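Presented sequentially are two complexes of subunit A, the first with subunit B as partner and the second with subunit C.
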Partner chain A sequence: MANVMLEVKELTTKYITRFGEDVYAVDHVSLKVEEGKALGIAGESGCGKSTLALSLMGYYFAPLHYTSGEIIIDGRNISGMNPDEVRKSILGKEIAYIPQAAMNALNPTRKIIHFIEDVIQEHELYITKKDIYDRARKLFETLGLPAEVLQKYPVELSGGMKQRTVIAISVLLLPKVLIADEPSSALDVTSQKMVIKMLRQLMETGLISSLIFITHELPLLYNVTDDIMVMYAGQIVEKANSKEAVFDPIHPYAKGLMGSIIVPEKGLRDVKLTAIPGVPPNLKRPPAGCRFAERCKYVQPECKVHSVDLRELEGGRTYRCIFSEEQLRKAYQNG
Partner chain B sequence: MKGYRKYFLNKLAWFLVTLVCAFLLNFILPRLMPGDPVAAIVARMAQGMSNSSGVQAIYEQYTELFGTNKPMLEQFFLYTRNVARGDFGFSFSQYPRTVADVLSASIWWTVCLQFPAIIVGWLIGNSLGALAAYLKGGFDKVIMPVSIFISNFPPFGMAVLLMVIFGVNLKWFPTSGGYGFDLIPSFTWSFMWSVIVHYQLPFWSIVLIAIGGQAIGMRSMSIYELNADYVKYARFLGIKDRKIVGYVFRNAMLPQITGLALSVGTMVGGALVAEIIFSYPGLGSTILTAVRGQDYPLVSATTLIITLMVLSANFIIEILYGIIDPRIKAAQAD
Partner chain C sequence: MADEKKLCLSGSGITKVFGIGRQKTVAVDHVDFNFYEGEIISIVGESGSGKTTLAKMLLGLISSTEGDIYFLGQKRDISSQKKKQEYWKNIQAIFQDPFSSYNIFNKIDSVLLDCIHMRGGRKLPYAKKVELMSEACSFVNLKFEELTNKYPFELSGGQMQRLMIARIFLLKPKILLADEPTSMIDACSRATILDMLMQLRDETGMTLIFITHDIGLAYFVSDSVYIMEHGKFVESGTADEVILHPKEVYTQRLINDVPKIYEEWDLSTV
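Right after this comes the complex of A and B.
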């Protein structure tokens, strides 16, 4: 069995609003990413994808707070660590992050190379500016980025270039886990493709050991990741390998999500898109039962009474529903 | 560098255009005041004279001397030529002193009072604003309302308030003048000490108001920058807070630099009031007596100097801006 790069056990984090209310945006999430693997996280807007990304870093600042659970990076448990220590020895080095809005992720008044110096010097005390420059240039060349970018200010770069620069900066210290939070959502299709290519390249060249890729665009996920996790209202509702998750979902929400998106594959051309009616529950007052019950076509009275646990199938596939796999498949066939 | 030269030339051109307009207005506006300044001087000179032809002769001699008998256009060209040579002519109200003489006696009082006051106010205000944004909580809750309260004081109100509290009631500081009225300007300890003591009230009346406004501006800019995406990203790369705070305050400071240029502008309007209230012997008091005495050359020269100071301050700051903020250069380059 390959090395486990990131293991998360029952991680729960919450936002505390201005009015002192708790919002559990990540609720008992467990996941595991092995070396050389990419995990995708899908779900509609507001389901807790980005919060999960932030929570995985092990470093929390208001309004996000840690509640319970464990984060283990390459065998090292970081959940009990002092935040300053996490920042110094984990962030950027062990686990790195590509933000959602890469457009504004760089300080507008600092040249790229100076920012890179700041990042590297933070983690390696005795390194000369020349060494930093050489390392940065080499990395940029490997990733197909022109070295001139280093001498520029962020405003002088195009959107796609800025995004790719941010990705390059994130992997400067060869992190074991890279968390990419919708790295392509603000880009045009061509730039998106370049970003995806770059993420794959990072995996192939071993610049990163594992990837967690968060997006609401399933076709992208299918192209990059090995496994896909579907989130709904802060919980995992289904976890499967990419192919099964996209083409053969079990959970009614996952089914609905996949049905509402075009995946450009043969045989799917004539499939009609369907929307899921209703809106996700308010996480300030999560429902007692299944969180998807209000919107589920196959809802039963008991769904709304007890919370539903994850069921595990053979091969490690999991889903969260009271129905068995056969029952659900039969229901889907009957429409 | 090419982009920067273009930026520089553009700013320089605007500087010159504004200067010409201001120069024109400086000449015309005082002369549009109703009344005849020469008549006032003659009335003073001819006190007790009963000979009307003698009074007439004195009047004509002065109009000839000051050139007020010539058409306005000719006066303007003469004035322009003289100013270009550095000659501002005679002061009407303080004749036979020349304008240059009057100004050189008063300008340093103003410069030495206003510039340090503006800079100190700016520095303290920005530091407090940045701290309020960074520390939040109780510190912010105290600084903010106090800043709003103080910054909305009219300059004369603050001056009068300080004068009443510290000058009249507590008698810690003198209430008027630039130095003790019984002293002669010299480099002696007693004179220096007197200058320092007289300096305090006008100085702090300007500083206090500046602090409030700058603190409010800096606080909101800093809060905006502290929540910017690049701050979050830098944190997640493990960069220390100390360094990130450096990024944030540099960026938040940029608009405040414009604020500094503008406050050099208010030096003319609001802050000169402090000089008048404290009878401080600077440009403020000079301009007041000049306007009262319809002293065209003195009014024109004073306003010209103030215009030059404001324009130069703005020009220098815009040039600096182009250097410290790459976004400005990028926007101006095309």
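Right after this comes the complex of A and C.
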């Protein structure tokens, strides 16, 4: 059996707002990523993707709080570890994280090479600047980035180049798990494609051992990941291999997402987009039953009574609905 | 049938040059176009190709360096503030960044009320105005009661985008120009917004001009497509012609850059 790089069991975290209200953005999430594999996380804005990404690092700061569950990185359980320890021995090395819009957060007065010096020196006190430069140059070459970028300031780089630079910096310490949160969403299509290519390169060259890629764009996930997890209102509603998740979803929400895909391929012009009506529930007061019930075409009175558990099918595929796979498939056939 | 189509907006040799001497940028370079009434048109090109600059000229927000724009067959005249106001009753826009489009000090009710007033509804009884505003909000899946007394910056990006469509619903312009209206929102809300815009076109017969770098989106929504490279239109035609049988290398590249799911996506081109 392949090595498990990241295993998460029933992780629950919440935000506590200024007004003392709880926002349950990650609710009993479990997942597993094996060595050499990429996991995609999909779902619409506000469903908790970014919060999950933050939570996975085991590094919590207000307003985000850990509630329960376990995080195991390459066999090492980091749940409950103190924040300083996580910062020192986990972040960057074991698990690296590229936040959403990271490229806009670079300090404009520092050159790229200085960011790299910071990252490396935090972990290797006695390394020389020359060695750092050589290492950075080699990494940039491997990833097809020009070495001149190292001497530039962030503002001198185009959006696409800045983003690829951020990604390169994040893998300097060869993390076992890389979490990339919407790394290509603010870019035009060509830069987006370069980012996708780079993520694949990171896996192929072994610079990272596993990847978690977050985006609401299913076609991008499909081209990078092995498995896809669909989130809705803080919970996993379906997990399947990428092909099944995109072409053959079981959960009504996953099915709805599939209906919002736009690709310029023949015949797709006449396919009607199936927008999902309504908006996701407020996570301060999540509904008692199925969280998707308000928007679900197939809702039954009992959906709203008790919380709905995940069902596991043969082969490990899971989904969260009161109906059996057969019942749902039949319902889809009948429109 | 084809000759029955009525020209809505057209132009030839439209050019915009910014700066002078060595600082000169030719942002839009002698473009010709014929946009017909009730059509959905997409203008597609990569970042910096001149799309937004052309949009601003179409809207009359900036002047062209060369070339005249024709509106309903007549040379467009926006030489005075009054004529501009008159023109803007016919053409409206939704911008790249939804947050930039509102006066941040205006509450949402007044954003919508303004639309009713612009359409000559200033004298309507208040109850009727509320009815119109509520109808517009429900068209875009917003609840009017929940928006009153809020400021635009208190809305999420998706809600903001829908509020913009509610404005269009009230204004019912002849032409709607949408500059990357869906680039800031998720795929799911994008489907909702496209759905609403297409429905609005079907109901009112307005001409819809989409500006985007995503040729997949262009293929999906439009009747005709114009491809823009370095300020020039390099290829145009019906969506099927341009996207299924592209002639230009540039068009082929744009198509190549959009992720595929049915065919292999060739990553070697970047």
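Just so we're on the same page, the second predicted complex is superposed on the first by the 327 of 335 C-alpha atoms of A that agree within 3 Å, B and C clash if a C-alpha of one lies under 4 Å from a C-alpha of the other, contacts with A are read in each partner's own complex, and residues count from 1 in each chain.
Here is the rule we go by: a residue touches a chain if its C-beta (ideal position, glycine included) is under 8 Å from a C-beta of that chain, and two chains touch if they have at least 3 such contacts.
Quick caveat, the model's predicted, so the values are computed rather than measured.
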item	value
Which of subunit B and subunit C A:E156 touches, first, second, both or neither	first
First, second, both or neither for A:E217, with subunit B first and subunit C second	second
First (subunit B), second (subunit C), both or neither touched by A:V177	neither
Partner chain in contact with A:N104 - subunit B first, subunit C second, else both or neither	first
Touching partner for A:I132 - first (subunit B), second (subunit C), both, neither	neither
Touching partner for A:K197 - first (subunit B), second (subunit C), both, neither	second
Which partner reaches more residues of subunit A (counting touched residues only), subunit B or subunit C	C
Touching partner for A:S45 - first (subunit B), second (subunit C), both, neither	second
Which of subunit B and subunit C A:I90 touches, first, second, both or neither	first
Partner chain in contact with A:D118 - subunit B first, subunit C second, else both or neither	first
Residues of subunit C defined as touching subunit A within the complex	46-47, 141, 156-158, 185-192, 194-195, 213-220, 239-240, 243-244, 253-255, 257-263, 265, 267, 269-270
Subunit A to subunit C touching residues, read off their complex	44-46, 159, 188-190, 192-194, 196-197, 200, 216-220, 222-223, 246-247, 256-257, 259-266, 268-269, 273-279
Sites on subunit B touched by subunit A in the complex	228-230, 232-240, 243, 247, 250-251, 254, 324-327, 330
For the subunit A and subunit B complex, residues of the former touching the latter	57, 59, 61, 87-88, 90-93, 96-97, 99, 101, 103-110, 115, 118-119, 122-123, 153, 155-156, 166, 169-170
